[in-house]
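Read from first to last, the chains carry the letters A, B, C and D; within each, the first residue is number 1.
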Amino acid sequence: MAADGEPPAGLAGIRTDLALEAREFLQVSGAREVPGVGVEEEQVGPVKVTRVHILTAEAERLMGKSRGRYITVECRALRERSREVEEQVSSVVARELRRLLDWSQHPSVFVVGLGNWNATPDALGPRVVDNLLITRHLHTYAPSELAGGLRSVCALAPGVLGLTGIETWEIIKGVADKIRPHVVVAADALAARNLDRVMTTVQLADTGIHPGSGVGNRRVGITQATMGIPVIAVGVPSVVHAVTVAQDTISLLLDQLRQHASLLQIVSQMEEVEKQELIKEVLHPYVGDLMVTPKEVDVQIDQMARVVADGLNMAFHEAIGEERAPHYTGV
Amino acid sequence: MAADGEPPAGLAGIRTDLALEAREFLQVSGAREVPGVGVEEEQVGPVKVTRVHILTAEAERLMGKSRGRYITVECRALRERSREVEEQVSSVVARELRRLLDWSQHPSVFVVGLGNWNATPDALGPRVVDNLLITRHLHTYAPSELAGGLRSVCALAPGVLGLTGIETWEIIKGVADKIRPHVVVAADALAARNLDRVMTTVQLADTGIHPGSGVGNRRVGITQATMGIPVIAVGVPSVVHAVTVAQDTISLLLDQLRQHASLLQIVSQMEEVEKQELIKEVLHPYVGDLMVTPKEVDVQIDQMARVVADGLNMAFHEAIGEERAPHYTGV
Amino acid sequence: MAADGEPPAGLAGIRTDLALEAREFLQVSGAREVPGVGVEEEQVGPVKVTRVHILTAEAERLMGKSRGRYITVECRALRERSREVEEQVSSVVARELRRLLDWSQHPSVFVVGLGNWNATPDALGPRVVDNLLITRHLHTYAPSELAGGLRSVCALAPGVLGLTGIETWEIIKGVADKIRPHVVVAADALAARNLDRVMTTVQLADTGIHPGSGVGNRRVGITQATMGIPVIAVGVPSVVHAVTVAQDTISLLLDQLRQHASLLQIVSQMEEVEKQELIKEVLHPYVGDLMVTPKEVDVQIDQMARVVADGLNMAFHEAIGEERAPHYTGV
Amino acid sequence: MAADGEPPAGLAGIRTDLALEAREFLQVSGAREVPGVGVEEEQVGPVKVTRVHILTAEAERLMGKSRGRYITVECRALRERSREVEEQVSSVVARELRRLLDWSQHPSVFVVGLGNWNATPDALGPRVVDNLLITRHLHTYAPSELAGGLRSVCALAPGVLGLTGIETWEIIKGVADKIRPHVVVAADALAARNLDRVMTTVQLADTGIHPGSGVGNRRVGITQATMGIPVIAVGVPSVVHAVTVAQDTISLLLDQLRQHASLLQIVSQMEEVEKQELIKEVLHPYVGDLMVTPKEVDVQIDQMARVVADGLNMAFHEAIGEERAPHYTGV
């Protein structure tokens, strides 16, 4: 349903790809805890880990996210751009990836970097691929001891429909059918609701990438259903929809007005549709395609691509001690 | 005053680098025509030209823009990306540049491409320089007949303070003092108030670039005062401040509420400061540095850089028939 | 055989991807005309067209190129970088493409841009894809009248083994099996023998891309045999192997010495292997991976990618009059 | 004299920017040790340091390099691209920079990245600037404790004459006169004679950059004479001139032939001019502008830019422990 851009009833108009934020939103709107949603939090130094588990069809509907496990790794300190912090986050990402899947059972990995390398906020996926340690060809062409300790990893940035004329999932499925990996890891740029999380957060999920999610708004999902093998999603929020900014402004303003008892009734009569009209007017002629990004987005995308790629490198290759992973970045 | 980001009293919180929009805003807020501001409009095919002339100190204060001439060249059809339309706009830009300055009296031109090439929405200036026809060295090193019909043009993209550690104006002034051009042309990315104008508008001005204007918010201006020679500004709006979006949402919502007579008084009591608080809350933790851009910004910047550079090439070089100018683009 | 870098006996050590040059070389070495090779020349303004047809197994062996048709479009004037010349060359490329294949029988085209976008001289293929008019998704998602006159074209730059860990042909075959186009067009950077042809020549062939050819030296071919559908190759020489430069130096020097009759016998005793040793010594430690490129290669690659892409756009889409094609470039 | 591309008599036709290689060449051609040239060698793990000191006018003439100190830091292991090796080389570069200048006497540094960012082999300088830690603006705008331990560093990549129409030295001199630094550090791509040294070597010199040196062949030098303050040159060889390859081939071939006593006399009659003719013929139509580069040059330039920038960061800023420097790279 998200495919056509329409969010689920449960979340009037909220646009986020983070399970964490869907839950936060539902809690704010009353519900103390969302039924059918398990949550677990952990602080690792400057890094906050939140594990959201969507267990029931009901929770699925409420959260507007498929059943499965979503792990959010947050670290505001990434803004300082010190390599230590980057390495800490990478290590946590690696550790959490190992929780999501038993990699020993999935010796060969196909990483796909989703998104448009010509649109910076959407370029995270391709840049992650640039920073990956690729080894499949070593397994194929070198004596296996050469590849020793390194899992078979291959990667592709399939581009976007507008650039190729081919659906992303068609490319991935076609190549996967040919090379038969054990698991697909899909890296993608996401939209968050909270500006605080833009470029400071990594979300891992065992649910794959679903239609309508991501900055690029995919038409068809990259999931176990379409691929026939497990799909691990790795995402970083790089934008907030301008619509969200407008919505939040309205909500806050209305909340404030509601304090004037006398207004309560009139304001509460204001229909959702009226609000949508307002927003359309504000964001004309773009609406859907308007993104709010920090001015620094170009540099930040490179940083996060490096951090995520290091995490993947560590998770994939036992041979790479966590402290050694960064040696491969930028190579 | 704009230097510290604070807009003039006249324009409560409006953030635009377009004189055109400053005027529109004042008109909306009651004033039929702004005293001391001359306006002239012309339609050339799909291109709309508006010439705003700020004549008095009073108008200067009201508009929040220095005295001088501002010419806006607008063409929504640029969104279709046909080369014909691009060439039409380039030709109009060239013609209007010839209105702003008697180029025959200014044989040597120094073009500076302001902005950060690492931040796409701010990269217009450097990309304009990439597309310019550079000739100064031909005059210096070749028999003059080789450079025949070509004015002496040199160009530099000085980068931004964060990248160089040097104020943009220091670099430009230093080089200008050494090479002694007759005029500086400063290309820069601007912020608009109206999303409709983003990437479809070119503003020319004989006032130079003033502090606090542009996407990059310069600290010191590039003006006749700082450079000692005329400075022609050529700008293209590439962003709208997220703040503007939030403000517009509030204004529209309040307008709508005002229709409920009973509310008029309460709502009207709402202080500007309250609104600012609201917006700060919505845009935390960024506020000033948040930009709203179309997803396509990367491609659009290239297009507009080409269009502006062609206009400059035509304005500078009699030898280039208007129909021939595009031959130089992409070279 | 070329796969392992070893050229055919017929062409002692000559490294060129141009059928034209293989023939020239054979002629120089005595043979007036090569048996089983048909040749046809035509001059179109500044553009020289040479059509080489390899007809027999014997010719195949001698030329070191598979049987089939090779069309070379040469234009030294491209060095001047005027758009007119570029458009002329594009038109000739389009016309010759129509000679190589009956496009009406192949309504859907899959263009693959071979090569490494991180290695400029090898980046021609990916840049051609950047400049292509992509339409397959219009056919799929828009009412057909919208796509009217436009053939279904999709494209992919599969990258290289070192970046993806996947053989180029595996990616192309996998995607082709999924989307089932009628023909594959493979764009690639080539190695020439004659520096004069670098960046001034386009070779079209109905033979596909063969192992060991191209700057990137593919391991497996992209041919009708591997793809199961026709494969049209479009190549531009962007480099000369440093080995070639060394070889030519030796040959010229020896020729000169041979003029001293007394030397004839001694010099002629000089074994091919001795020459190879010499060259290895000169080019240590690289040999195979050393390329000779003009300093301007980065700019030239962009130019030729634009020229080739325009030619393809015109050949594919009747709707695009030859004079209109360039409107799409750079878009 | 090198300005017009003509090498000094002493070094018939040899084209190298490395003092080390000029000396090697002279030694090979007989001279055991070059008079007036002091040499000192040191091995630091995988890194070889050679310090060449040109002391006399005679040595200056013979070597074709101005009087002064040249330090070469070589490390073939850089080809393996491990970060450890990169950090070792950076540390040695930092240490040797401290030998060349008493930085405590030169608190403010102006780094200029020479070369053309559009021509990969010439892009080293600009990429070094990209990787530098810039601090001058912190000194100007922040309380000095914020900048504590960090020297005042600013940087600029002035581009090349063809792009700007302004001589590189004019830009640097103009800016230097305005901002008054204590020393200029000029980073540039160099031409080597020995392919083995391409991308594995850093040359430091207290002589500045001289006309005709570097890949871009500057017209006017960046030296204490033109700048009025000390100029430290930091260069990395990224190419070998194709001419060099041809020359070496000829020399080797002739050496071999000379072994046939009977030939000695005829061959020795072969004039230098004949050789030049031969080479012109081989390299037509380019000659001077042909570069031999490894296919990997794009990736290697990034690596070496990082290594050099780290070395500079460490040399400039006491606050940066050598092991900590890489934290700033890529930021």
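In this section, a contact is a pair of C-beta atoms (placed from the backbone, for glycine too) under 8 Å apart; a residue touches a chain by one contact, two chains touch by 3 or more.
Predicted, not measured: the structure shown is a model, and the values here were computed from it.
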| item | value |
| --- | --- |
| Neighbouring chains common to chain A and chain D, by label | B, C |
| Far-end chain from chain D, centres as C-alpha averages | A |
| Distance from the mean Cα position of chain D to that of chain B, given in whole angstrom | 41 |
| Mean-CA-position distance for chain C and chain B (Å) | 45 |
| CA centroid of chain A to CA centroid of chain B, Å | 36 |
| Junction residues of chain C - those touching two or more other chains | 299 |
| Contact set on chain D toward chain C in their complex | 118-122, 195-196, 215, 242, 245-246, 248-250, 252-254, 256-257, 260, 262-263, 266-267, 274, 278-279, 281-286, 289-299 |
| Residue numbers on chain A that touch chain C, as the complex places them | 129, 134-137, 152-159, 161-167, 170-171, 173-179 |
